[in-house]
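Next come two complexes, and both contain subunit A; in the first it sits with subunit B, in the second with subunit C.
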Partner chain A sequence: MDKSTIATVHPDMPARRYPGPQGKRPRKALSGRNIMLYGALGLAALYYLLPLYVMVVTSLKGMPEIRVGNIFSPPLEITFEPWVKAWAQACTGLNCDGLSRGFWNSVKIMVPSVIVSIAIASVNGYALANWRFKGADLFFTILIVGAFIPYQVMIYPIVIVLRELGLYGTLTGLIVVHSIFGMPILTLLFRNYFVSLPEELFKAARIDGAGFWQIYFRIMLPMALPIFVVAMILQVTGIWNDFLFGVVFTRPENYPMTVQLNNIVNSVQGVKEYNVNMAATLLTGAVPLFVYFVSGRLFVRGIAAGAVKG
Partner chain B sequence: MHDNLSSRSRTSVSIRELSLSFGAVTVLENLNLDIYDGEFLVLLGSSGCGKSTLLNCIAGLLEPTEGQIIIKDRNVTWEEPKDRGIGMVFQSYALYPQMTVEKNLSFGLRVARVPRDEIDRRVKRAAAILQIEPLLKRKPAELSGGQRQRVAIGRALVRDVDVFLFDEPLSNLDAKLRSELRVEIKRLHQSLQNTMIYVTHDQIEALTLADRIAIMKSGVIQQLDDPITIYNRPRNRFVAGFIGSPSMNFLSGELAEAGGEVVFRTADTQFSLAGYDHAQPLIPGRKVVLGLRPEHIKVDRDVVGGEVHEAIVDIEEPMGADNLLWLKYAGQTMSVRIGGERRYRVGSRVKLGFDMTMASIFDGETEERL
Partner chain C sequence: MTDIPVTSPATKARRPNRLFRNLNSKVASIPMIVTSVVIFLGGTLWTVVYSFTSSKLLPRLNFVGIDQYERLWATPRWLVSIQNLATYGILSLIFSLVIGFVLAALMDQKIRFENTFRTIFLYPFALSFIVTGLVWQWILNPEFGVQSVVRSLGWTSFTFDPLYNEDIVIYGILIAALWQGTGLVMCLMLAGLRGIDEDIWKAARVDGIPMWRTYLFIIIPMMRPVFVTTLVIIASGIVRIYDLVVAQTSGGPGIASDVPAKYVYDYMFFAQNLGQGFAASTMMLLAVAIVIVPWAYLEFGGRKRG
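Here is the complex of A and B:
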């Protein structure tokens, strides 16, 4: 470092006896650049939060207040009636028992789908990572390519297959469809996780005499909890938010919550009950939100634990 | 140990014409190896030469492309690892992280549905032998490296196996622990009298532990002998250069005839090879490499009789007990080991005497010992 640079950085430094610190001086927290940065981030956050705010306040207002009022103003008189109505009384098609029916349908669809898809995918991933059977690479490639085929292309063939199996229109059929469509990404997730575990662990277990299932249940499973959480979050939110498969593969009495929400919000008869619509939408979004809040930290940890490594 | 050697008639592990390739890459080719009952065999070689691959084949973790593996007179080539009577210890310990030490030790027995009290008995015994009783309730994460490796050894111990396989078990430990555990493994072998196959690339481990050492290079065993023979009579130049630290000195030159005897000629000097115990005829005119270990070259006052050579001290490396001199001799560099109390100034002249009885001569082309 020559003296001229020191002189320009610290013009009032007395005697230039020391070489001076290397590298750039750390920037102050409130530099112009940071104000720009946080300003932009704050605006973006506001942009996403504003609709949520509008939804919450609207869902707590009565219809007369909505007709007069400004959508941003907080409710003068808080009422939970729209929530009750959305949950238990709103009419969709023939039934007037609100979203509750759709909620329980969604639960009936989601829980088995999540369990089945994760159970199968984790075993797939484990087998692909550790047992290296003949044709494993080919199998894996096919699975991954499968993940890139647009859903729309596959809908009609799957309808035919389900019809032939006698599952078309049933909850079981939809569960099968969800499990199949979750398979590529979940298998990839699990395979990458198990590949990242030390290979010696698997070898040691084999020498100890453990077989395929014993190694899976007693060695691999206890070590894979973070990745199970990641898979669960992906599946819960994915399946809960699904609309397309719900419409296509089920009958009205089995419609999941999202489809029912659509039917409530888009119903053409009568007055538009904005407050009920807002409450219904918030109710539908509650489950994925809840899952994110509860397991968000584990999610991050699972991702960090090699879940996204090639 | 020598009683052992003579009483060893039975073969414990026999590897016949073993080949293994990963796709187009051939790692082991037509490898033959017989390991005696109770023998401590060390597989030594540089990184990537196929030591672990061979060990994994013996363990049954890799399927050989061709060949047979026989353990205790049973052809186990297609047997599952658990049915081969082997236990294995890995460099990375490979302890099951979610299990306590006790559960780690007993896992194999529990899988095999051994009765509870028998499991307890064997775990206790192994823990006593390895001095890990206070650690039984801990998880692997709460152990030091040395303790973890003891547990890993214990895992093989409880299963009462015929053959122990070690894959660089000490490589992850620091120098002090390594030498401690090395002694312990040797003690374990002496008390158990099991067959042990031990992979390492540390020559000190190999020389101190082994009954016999197999030196490997790119999937081929270069020499299989007891440590002293390997050290003093290396079969080819690779083995000679691989074993010994600092490495053996190599002088390139050729054989010539002078005064009715065969001499070694290099640059502007030539000297007698009298005393060299050759296995093959020394033919004048042949290009050869003469190998001399640093401790087999005598310096100044140690030179008694024989031909005297002169060299110049280039660098001095005092190492406490020893002093290592790097010399310029006949245009080539040589290292010489002398007592630590004898010091030399750089640039000074020294007299050298070569001990031909301890020398090695290799063919310049085939690099085989002559």
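Here is the complex of A and C:
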């Protein structure tokens, strides 16, 4: 059947199971095609690596060297002073205790936000996948469509709600905001995962008399560990990199690292210390970069989860 | 629209306590329900309603019709930011799709070190817009950055100072944005390419179609859903652009690199002109709706029927 259709399309083609040479055709390593291919990829890689290189190199130079040299040249004398200064002495406004304050603020914001947002979203996703009630899909649709609404549209109403609750400007308030805006993507992630699990599993547990929470904690949670890791990667980098919510919903003493970094680098007073700025920038980027390099493929899976619908 | 009124009585027998069926699930979904209804739906409606008022320091319900919108579209700063968004948006869409696809196609040639290349192309995506903006601010610094390096090589009249030149500042931001975001597009495209049946390639090769034509006329049309998804992701990110501009130029020089999101923020939290901020953010919402509604209709409306 298969063969005959091919034969009618291409009458002069040989039979498909042609007993030809086995294995890959040997290819010259330095063919023109390969030079083009790897050349193009290499050039692109250079473009992507350049800023990281410039950051590192600049942060290891002293200011006199920066003033005379060019930004791409490696440091003649390596100094770690800019790093120390960025961490412990750089000034934002009146505070001169460096980025360390922002770092700890970010940690204080990130850890509870990640836990709360993932806890809520995983239970939501589980309810949507296995315990659907009337109207659940409607709420879910609003949630997903809401993910595309620009934040600027919803910021002020949230400010008012938080103010009414007495949470505006507090850490709790910011945690609530992160949980709200992380919900669409995380709920989608968990719902799709739980939907993909075999239904028999859920039914068997039901027959055995397990209830909503029992099935969640004893069956779904242990099975969903990989997706929890993906969600964590997503949230850790997302919340660490957030700027807008940090500016709007916290007071200056609670500013996260990104906000403080921006204030340090873009402050108009004082002499610009580019090496300190770059060290501070690297320090701020270090956490998500660390997560990225450690998590590898899971990171890709996390960002693809937002894009590829299940 | 159906003309025939539905007169048949409800056939389902209603249980007395429907609200309490599946109660745990409903309780567990309260955060989702509150978020979607109160924040996403309610908040959006609230902003739209208050954009028709003359709220200044505090939101007040004294309606003034479309005054705020008229004022908005007469404000040069808003026009600049819309223009910037349009330029940035169109170029960013084109370049990220083209660069992302070309990189993905190169990566799909059964190359060695694929993981290394992917790691390199994607790492900027892990960094925040603030970090991205500050790095490129430094690289594009005319005194020390690319311009001075090229000049020191002998080409002394070379000028490339996008962040200090009103006319091209938006391209400086575009360069940084592309550096940060194309890795993601590449990843999505690569996933799309990997999803294409190997037999298509074999058939094209048998028919003697050159590779570039196979990509252009067979593979890309087949990847339509991937392109659409990517487009929606990029587009909704474009409308939101804020942090990058704040970090890289703070909207400057002057107001030359202003964008709508920054306009909204400044009017809401600094100029204490809430009405303007609400009107501007409603326009942002409209911009997103133009992209999202047709997509959502095709995507979800189609699936329900299918």
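By our rule, the second predicted complex is superposed on the first by the 262 of 310 C-alpha atoms of A that agree within 3 Å, B and C clash if a C-alpha of one lies under 4 Å from a C-alpha of the other, contacts with A are read in each partner's own complex, and residues count from 1 in each chain.
We take it that a contact is a pair of C-beta atoms (placed from the backbone, for glycine too) under 8 Å apart; a residue touches a chain by one contact, two chains touch by 3 or more.
Fair warning: this is a prediction, and the values are worked out from it, not measured in the lab.
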Review point. When the two structures are superposed on subunit A, do subunit B and subunit C clash or fit side by side?
Key: fit
Point to revise | Which superposed partner A:193 touches (first subunit B, second subunit C, both, neither) | key: neither
**Study point:** First, second, both or neither for A:168, with subunit B first and subunit C second
**Key:** neither
Check your understanding: Who wins on subunit A residues touched, subunit B or subunit C?
Key -> C
Review point. Touching A:240 in the superposition: subunit B (first), subunit C (second), both, neither?
Key: second
Review point. Taking the superposition as given, does A:54 touch the first partner, subunit B, the second, subunit C, both, or neither?
Key: second
Exercise for review: Would you check which partner chain A:222 touches, where first means subunit B only, second means subunit C only, and both and neither mean what they say?
Suggested key: first
Check your understanding: Regarding the shared-chain residue A:207, is it in contact with subunit B (first), subunit C (second), both, or neither?
Key -> first
Review point. Given the touch rule stated above, what does A:131 touch, subunit B (first), subunit C (second), both, or neither?
Key: second
Review point. Is A:149 touching the first partner subunit B, the second partner subunit C, both, or neither of them?
Key: second
Check your understanding: Which value in Å is the smallest Cα separation between subunit B and subunit C when the structures are fitted on chain A?
Key -> 7
Study note, to complete from the structure: Dual-contact residues of subunit A, meaning touching subunit B and subunit C, are none
Revision key, fill the gap. Counting only contacts in the complex, subunit B reaches subunit A at residues 56, 59-61, 80-82, 86-88, 90-98, 107-108, 111-112, 152, 155, 159
Practice item. Would you tell me which residues of subunit A are touching subunit B in their complex? Key: 198, 200-201, 203-210, 214, 218-219, 222-223
Study note, to complete from the structure: As the complex stands, subunit C meets subunit A at residues 21-22, 24-26, 28-29, 31-33, 35-44, 46-47, 59, 103, 106-107, 109, 111, 115, 117-132, 134-139, 141, 144-145, 148-149, 152, 179, 183-184, 187-188, 191, 206, 229-230, 232-233, 236, 239-240, 242-243, 246-247, 250, 260-261, 264-265, 268-269, 274, 277-278, 280-282, 284-285, 288, 292, 296, 299-300
Point to revise | For the subunit A and subunit C complex, residues of the former touching the latter | key: 10, 13, 37-38, 40-41, 44-45, 47-52, 54-55, 58, 66-67, 70-72, 120, 123-124, 126-128, 131-133, 136, 139-143, 145-146, 148-158, 160-161, 179-180, 183, 187, 211-213, 237, 240-244, 248, 258, 261-262, 265-266, 274, 277-278, 281, 284-285, 288-289, 291-293, 296, 299-300, 303-304, 306-309
